[in-house]
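Per-chain residue numbering starts at 1, and chain names A, B and C are given in the order in which the chains are listed.
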Amino acid sequence: MNRLSHIIDLDMYSVEEWNMIISTAMEIKKDPSKYSERCKGKIMATLFYEPSTRTQMSFQSAMIRLGGSIIGFDNPSNSSVSKGETIGDTAKIVSTYSDILVMRNPSEGSVKAAALHSDCPVINAGDGGHFHPTQTLTDLLTLTIEKGGLNGLKIGLCGDLKYGRTVHSLLKALSRYKDNEFILISTNELGLPGYIKDVLNARGCTYKEVNTIDEVISELDVLYMTRIQKERFASEEEYNRQKDVYILDTRKMRSAKKDMIVMHPLPRVDEISVEVDKDPRAKYFEQAGNGVYVRMALILCVLEGKLSTPELIKGKALNDISCKNPKCITHKEPHLPHYFRVAGDIAECEFCDERTLLD
Amino acid sequence: MNRLSHIIDLDMYSVEEWNMIISTAMEIKKDPSKYSERCKGKIMATLFYEPSTRTQMSFQSAMIRLGGSIIGFDNPSNSSVSKGETIGDTAKIVSTYSDILVMRNPSEGSVKAAALHSDCPVINAGDGGHFHPTQTLTDLLTLTIEKGGLNGLKIGLCGDLKYGRTVHSLLKALSRYKDNEFILISTNELGLPGYIKDVLNARGCTYKEVNTIDEVISELDVLYMTRIQKERFASEEEYNRQKDVYILDTRKMRSAKKDMIVMHPLPRVDEISVEVDKDPRAKYFEQAGNGVYVRMALILCVLEGKLSTPELIKGKALNDISCKNPKCITHKEPHLPHYFRVAGDIAECEFCDERTLLD
Amino acid sequence: MNRLSHIIDLDMYSVEEWNMIISTAMEIKKDPSKYSERCKGKIMATLFYEPSTRTQMSFQSAMIRLGGSIIGFDNPSNSSVSKGETIGDTAKIVSTYSDILVMRNPSEGSVKAAALHSDCPVINAGDGGHFHPTQTLTDLLTLTIEKGGLNGLKIGLCGDLKYGRTVHSLLKALSRYKDNEFILISTNELGLPGYIKDVLNARGCTYKEVNTIDEVISELDVLYMTRIQKERFASEEEYNRQKDVYILDTRKMRSAKKDMIVMHPLPRVDEISVEVDKDPRAKYFEQAGNGVYVRMALILCVLEGKLSTPELIKGKALNDISCKNPKCITHKEPHLPHYFRVAGDIAECEFCDERTLLD
């Protein structure tokens, strides 16, 4: 089977390839009309097993602005899935109708399972709490445009650092560049998990943990805000008590540097007050717009063969072991081989990356 | 911020501008293929927070027949709205993906709230019981085609005149032309509200109120039928008793003039019996087809800068007062400023036009 | 009214016309890019009153690959249907927005009811348990490609032969070709109904009935598998007991001829084990891909006037009789005339083909 460039996890590609996607996006942003026929005759199928209007419309806009067309679904009860069809069968069949698949699914590792069976490239638009590579590329593009590059930045990341997939992915990506310093702003209960800190340590990154925006905002080049879901707090009172610490408003912005920028993956609820929108340092709407350019660049690089074609499975099938992550696709679809990468006595699930200790 | 031509309420534009849209629609209808590339490369996003297949498909067909493309959603549970995002944020973000937004939402004033934040023009496809400007333009186009113009017509309007948004909007529009006479056919309980009669009186329009189709049908140039929802009647018996009065059938049509036309915004349930469909005077299906041409004309006029760019907000923010209309968008979204137009001791909500007496 | 080529039931067209559609599909498959502008400017509206992502996306892909565009809905609660609009009104109105309609609806005869009112051609994408003509054409195309033609084949059909619409339609179609022999593999409870056997007998077809795949697989040129819904079995134990008989796996495949092919309309759940997928004789994914080419061919033949324009109604309205089929569209929509074809004392419903004995 011909290998394809599937975009499941950014770490499958080199930093040089990320930089190529980002500079392609910047070229497109300068003059989008030059690209308006590049995907003429091509079809993108968006398979969204859980709703995400903004991400879906961003991909659709990207494909259309390249001259391509779109088909898809956004409601799993309308799909053959409700008749018990596996994600691999769906991917294989829909790949005969289209030239590129974009998939979002709440089960972790689901998009890689689809890619294993697809006859065309697959882009991960979010697999549960696991990866969302095009969000990370959007963030890297925005930083490149607004700060001139991805090295030597002092970046505050605020909010739910424990469960925030977007924050984990951005930290792991930025740790591949030089001289970045990270300020992690959260409650003690929602701090960055150990396994991400391990990655930062292994790459020699500098970081510190604080509890309030106020104490660090004046040092930052970038403030990356994320939403804290109310349910993450122990109680309604706890949530209300912490609210003022984690809400960004014009008062806090007065201490920030003239050239600091504020980013947020959106949607925001109240963690950035609407008065901040008028501040020229607020870049979260431009960030959303950049998402279309980065997706245009990615679609082009994938369809025009500009990226390498990494192996999806590096390990082997160990069908006696089960992945410990209850949200892993292997639990929903018993026919998938239990692929693991083994190092010593640790087995990492090839689908969702969960680690299991081998007896 | 550049001003844009948002189509929220037809009264934001002059009668001359309405006439330009209508004559553009007639040109398009004569030879639609001439227009098939006019919006090449442009994207329309349809954001339907409540279902309306026909209106949505009519807009989509219009954009495609202009050579444009479409993205959007028709199911709010699939959208970021369910995550608490404001309509302004959604509009701002989606306006970075598209060139024109078309929005339908059950909250009154919601589409104006979206337009305040959008970076591209917004067309109102229906905001609760408030406005549906493209339906009115469709009606005006149909009258122009079938009756040669919009002056000197004797028009019967039948059905739910109390709650019928389509009827209110058509009356207000036709009252801007000359020598039209209106016959209002309804039960006493579902008669035209006082505030619409005020508008007709202020513009010197002639109208009379009757209870049956039979007593007036022979005088009419136009009979505009609307659906009466069963729930509007006090009881099932009342509904059944009135049914015969308000149902149009071939018997009643025998008294009508040879050149009278029958219109209906559709869907119709049983208020026009199917036997009337064969009568050449039945124009409600042509009316639906005209909707595509008028939307093509409107999209062109908006995107090609043929319309003026009126201010959305003429009044000021009075945050101590709340709009009295429970369906106003300001109740769903507390961050919206409470904009009111003040005249004497009356404050009119800028979003939903509800009047409040100032203390 | 101009007659149109509606594709409701394959039997409305001759075998020569089926062959033309199939050979057009084969031409398209050889070089799809040659056809990429043939439907430029044309719009297909897909009206799916019940979900079927694969069929809908297959039609959408076909139209786009012909250079056409798509509008539509896939969720009836989002449509005017929920406001009580008849299928005829919906079809008439949507036919003013588009050039071809594709409809799926759970009521039998519903698509013919739509076609009676539509101003453009209508293609049946499945009306309840009645017809699904494009699935049958897909099957005929696949047989032609893989076996060189549609005559002289020994075809095993396995699974739910009692309720399986796809099987009934394929048998009726193949019975119009020469020297085909059918092996019907099912439990006694799920055997082929008498009225289909009547058709086979009337056309002089050879068939036999067996209970297991194993006893016949070595004779077959084609094995056509279908899914048996668990609910069809009398009990869970009965289902489990029969499972091994009706599941196709690599063990059973070892007895099959080198050039036998395996087909399945999909989705498959467990009736074909995934290990069979690697077998070069497994053709069900190619079959799904062929569906796009056959739909492209059908759309072209319909829009370019290559097919005849058969009368939809051959019989007459007998409004004193009601169709006995509770799933017939005439029960959902009382305004539809009760059209029947009468032969002797049997009246066949024109919509759903159910037979009623006239007193």
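FYI, a residue touches a chain if its C-beta (ideal position, glycine included) is under 8 Å from a C-beta of that chain, and two chains touch if they have at least 3 such contacts.
Predicted model, so just to flag it, every value in this text is computed and none were measured.
For the pair chain B and chain C, the fraction of shared interface numbers is less than half, so the two copies use mostly different residues to meet. Simply put, chain A must spin 120° to overlay its Cα atoms on chain B, rounded in steps of 5. One inter-chain figure worth recording: chain B and chain C are separated by 41 Å, centre to centre, where each centre is the mean of the chain's CA atoms. Touching of two or more other chains is recorded for residues 75 of chain A.
On the chain A side of its complex with chain C, the touching residues are 41, 43, 45, 69, 71-73, 75, 77-80, 82-85, 89-90, 92-94, 96-98, 335.
By the touch criterion stated above, chain C contacts chain A in their complex at residues 33, 36, 51-54, 57-58, 60-61, 64-65, 70, 74-75, 266-269, 274, 285, 288-289, 292.
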